[in-house]
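In the two complexes below, chain A is the common chain; its partner is chain B in one and chain C in the other.
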Partner chain A sequence: MFVVEGALVYSNLLALLSIGLTITYITTGVPNFAQGSFALFGSYTALTLLHTLKIHPYASVPLAFAVGGLAGVAVYALALKPLVKREASIVTLMIATLAVDLILLGIFGAYSDFLEGLTGKSAKKFIFTSYDFSIFGFKTILLFSTFAILLLLASLSALFYRTKFGIALRASMENPELAEVMGVNVARTRTFSWFLSGALASTAGCFLPFRQEIVPLTGSLIIVSIFAASIVGGITSIYGSVLGSYIVGFSESLLTFIISLAFGQILVYSRVISLIMMLIALVLAPKGLAGVVKKKWSIYS
Partner chain B sequence: MEHILLTILIWFGLYMIVCLSLNIEYGYAGIPNFGRAFAVLVGAFAVGGVANRVLMFIFGISNGIIEGSASVKSAMNEIMARDPAVAILFLLGTLCIAAILGAVLGAIFILPSARLSEHYLAIALLAISEVSYMVCYYNPDIMGGYYGVSTPDPLLFFQGEQRLLAFSVLTISIAMLLYGIVSKMLNSPFGRLLKAMRENDAVVEACGKDVMLLRVKACAVGSSIAAISGALYVFYTTNVIASSFNRAEWTFYPFLIIILGGLGSTNGVIAASLLFVVARVLLSTYKWELKSALHLPFEAVWLEYIIFGVLMLLVLLFKPEGLLKEKPTMTKPIREMVKRTGKGARKQA
Partner chain C sequence: MLQIKGLNAGYRELHILFDVNATIDRGITAFLGPNGSGKSTLLKSIFGLTTIYSGKITYNGKDITGIPPHKKTRMGISYLPQVDNVFPNLSVRENLIIAGYTLEKSELKERIDAVLTIFPELERLMSRKAGVLSGGERQFLAIASSLIRNADVLMLDEPTAHLSAEVSSQVFSKIADLRDKLNLKIAIVEQNIHGVLEISDRANFMVGGRIVFSGKPQELLERLAPANE
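This part shows the complex of A and B:
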């Protein structure tokens, strides 16, 4: 039971992260290697508020959302937008996101040193599990992260299918040139997608310390799982990436747990499982689950 | 002062080798190998994981790899101190193992490219490299994991500063040798074929060349060279710990260097390696002075990441062609054509 609970929390957080990755991939065409580090904006916002103002990490989610969103916009405007304008190749853009990831690693490392000097408490390695509590026998983190996902999916579908801006967003995802001709401000929808991506990642980062230890390198370490989730789901489909996150999250947690019952100490191999799933998805179905589902349906239509 | 100079020379040699290899793969062949660190790790594994096990077998030591390596180190050091020929043989032998293992694993590593487009390939290679790094770090049975293993020191005749001097001579001469081989190879029809594949692989395919085979060849050669650098680095520190082979140092920095130097320009790579290494060694040598001078409330190592990350973005934005722009390969027919058509054509070429 405890394992399933952990797997569910992990999958929820993975979904928040991989939705962000997918959104920016659809609108800008860049696989963002800094997505994992975006999460740390949330973790460090929560940690700072906790150690300086004694605010509970759950209460800092709104601020984390805003900070992450602004960071996403800043990364897009400063690093990627000028390159996109110059029509740089995708690989060049990917190298730029690798550079952003390294800069963020430096910034979080520096900030954690600074915070340690300020509060006298460890900021280079922290975990929030002792601040969590239980409601009806469930860990609150499970309830909150599930609630966050449901709320997100509901508001995304409302945004995409009920508002004019949502239609413009979908149009610029489908075909940016055509959308531009029809009067959609593609630059604005792109900026918005980076805001959303950063904000979602940062929200996930706010919850992440309830499940695992955070170090400045955490962003670089979880990036493989995020990409695996996104690619298994089909990197161009938002709902596909949610599905992919649950598949990858559950197999990472449960498979390694089951194998470790049989062979002992191998919990470190959870990333190997997500790597293998990603490679299988890439080789057998490059468009992921979303592509498989679409193919099946297109027979009937 | 001499210490700084020698450290610069050693790192210059190491980075020059890695960047030559990445320049073959990304600069010439256009393969976005975001997993360069993997091949360097393979080189380290060749020394810590393979050579140490072979020696354990020869000496009949049956402990685990960590204790076994310690016994191997003392036994081997004793023999090498008596007989310099053994030391040379050991050094060359392990470098050969590293090169062969690098070539084989590099060829396997690139196989996903048969089915993947450019950016999926980059993601897959980065993921493979990250995961093998993590497995090597967390599993002590492969090459010591987070404990690390020690290795015999083939340069044990030299002490202190002298050892640094000997090692820098060794690294620079190997780097120069590889430079000669690589530039010969890249000026050959094979190099031009790689460039053609970078520009348009469909045309190369249409001309009857197997693109996949070309990729495998490029990656095998590149990984084999990078593995030599990994093995040399292990001899520099005389121990192997997987955490030294991280993404920032062995994938990102080489990319920074070859883009700064100019993609596909071998001389640019050398110039940029030197610039980068001087900057980095000075940064790490004077980190305490820097920290107190700027009143930084944090360790200067974080500043290094920020500086080099920002530098990469600036280069991509303002000087994407690099310091020394790639020049067309001057084969005999092209040279004659340039001579015939005069100066205007040279500009175009």
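This part shows the complex of A and C:
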């Protein structure tokens, strides 16, 4: 039961991260390799508030959301928007986000040193499990992360299908030139998508230390699973990425656990499962599960 | 009135239009010419979708040369691209909503109702995705979308491309209706010379990125007649 709970929490967080990756990929064509590091904005916001103001990490979520959102906008405006405007190739954009990832790694490393010096408490390696509690026998992280993903899906659905701005977002994703012709300020919808992506990653990052130990390198490690989730689900489908997150999240957690029972300690290699799933998806269904489902529907239509 | 003076434009380093002068006033102004003559580039340049090297575009006396497309839309200038002119994954209703993105909610509802009286065939298709419409229905939706924005200038890039002769004739007749009922300034780029000249008030003929004829449609037809014989 403990393993299943852990798998569900991990999948919830992976979904928050991969939805953000998918949104920015659809709107700006940028495969963001720094998405994992965006999560650390949330982790370090929560740690800073905990160590300096004794604020519980769960209470840091709104601030983490805002900080991550602003970080997403800053990275887009300063590093990526000029490249997108110059119609840079996807390889250039990938390299740019890898550079951003390394810069963020340096920034989080330096910040953790600074925070350790300021508070005298460990910031280079930290975990929040001791701050978690239970409600009705369930770990709060399980309830909160599940609630967060359900709230997010309901909000996204309302935004995309019930508001004019949401329809404009979908239109900008589908055909930015035509959306501009219709009077939509596409630059604004793209900036919003980077805010949303950064905010969701940072929210996931606020929850992540309740599940695993955080180090400045965590973002660069988790990016493998985020990409696997997006690609397995279909990198151009938001709901596909959610489905991919649960498949990758559960496979990574449960398969690793089952194999480790048979062959001993292999937990450190859990990312290999994500990579294998990603490769299988790329070979057998390059458009991911969303592509498979769409194809099946088109047969019946 | 929309005026183009000494326009040189293209795509980055690819120079397509050379010293183009034209006027788009009330009624239908046709831009004709062989493939690659720069007709579509001219409409795109007016709308701000190309690189402008020199020249000036004015609308009612105001210089609009460097103004981005979404701001031109707000000024009442509408552009209908040749292909991909609707959002296939959005429903007909959503396409009309996004077409009126710049309008207030109450005005948008009024405009959609008004446009549906011009295009009653769209009413029964409102919840259908644009991607499943027929070629004619899709073109009607595209034209309806450009009308939602209370357009004063309507620029149509090959509105009858890939349509059958019968549907093309329906589209031309609808465009002529729009001119008569709404008193619009309409610019049309077309390959279907006879179809468009029948409804046009002025005609321009382009070759190699330059306007080589500007005058009455009948005069152009007469000049083109020996070539067509």
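Definition applied: the second predicted complex is superposed on the first by the 301 of 301 C-alpha atoms of A that agree within 3 Å, B and C clash if a C-alpha of one lies under 4 Å from a C-alpha of the other, contacts with A are read in each partner's own complex, and residues count from 1 in each chain.
In the analysis below, contacts are C-beta pairs under 8 Å (C-beta built on N, C-alpha and C of every residue); 3 or more make two chains touch, one makes a residue touch a chain.
For clarity, every value in this text was computed on a predicted model and none was experimentally measured.
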Applying the document's definition of touch, where does A:Ala228 land relative to chain B and chain C: first, second, both, or neither? first
Considering only the touch criterion stated at the top, classify A:Arg271 as touching first (chain B), second (chain C), both, or neither. first
Look at A:Ile167 in the shared chain and tell me whether it touches chain B only, chain C only, both, or neither; answer first, second, both or neither. second
Check whether A:Ala88 is in contact with chain B, with chain C, with both or with neither, and answer first, second, both or neither. first
Report for A:Ala15: first if it touches chain B alone, second if chain C alone, otherwise both or neither. neither
Touching A:Ile107, do we find chain B (first), chain C (second), both, or neither? first
Once the structures are superposed on A, label A:Asn185 by its partner contacts, choosing first (chain B), second (chain C), both or neither. second
Give the list of chain C residues in touch with chain A in this complex. 47, 49, 68-70, 73-74, 79, 81, 84-90, 94, 97-99, 101-102, 105, 145, 149
Across the complex, what residues on chain A touch chain B? 31, 33, 78-79, 82-83, 86, 88, 90-92, 94-96, 98-103, 105-107, 109-114, 117, 220-221, 223-224, 227-228, 231, 268-269, 271-272, 275, 278-279, 282-283, 286
Footprint of chain A on chain B - complex, ascending: 32, 34, 112, 115-116, 118-120, 122-124, 126-128, 130-131, 134-135, 138-139, 247-248, 251-252, 255-256, 259, 296-299, 301-306, 308-310, 312-313, 316-317, 320
Considering only the defined contacts, which chain A positions touch chain C in the complex? 164, 167-168, 170-171, 174-175, 177-186
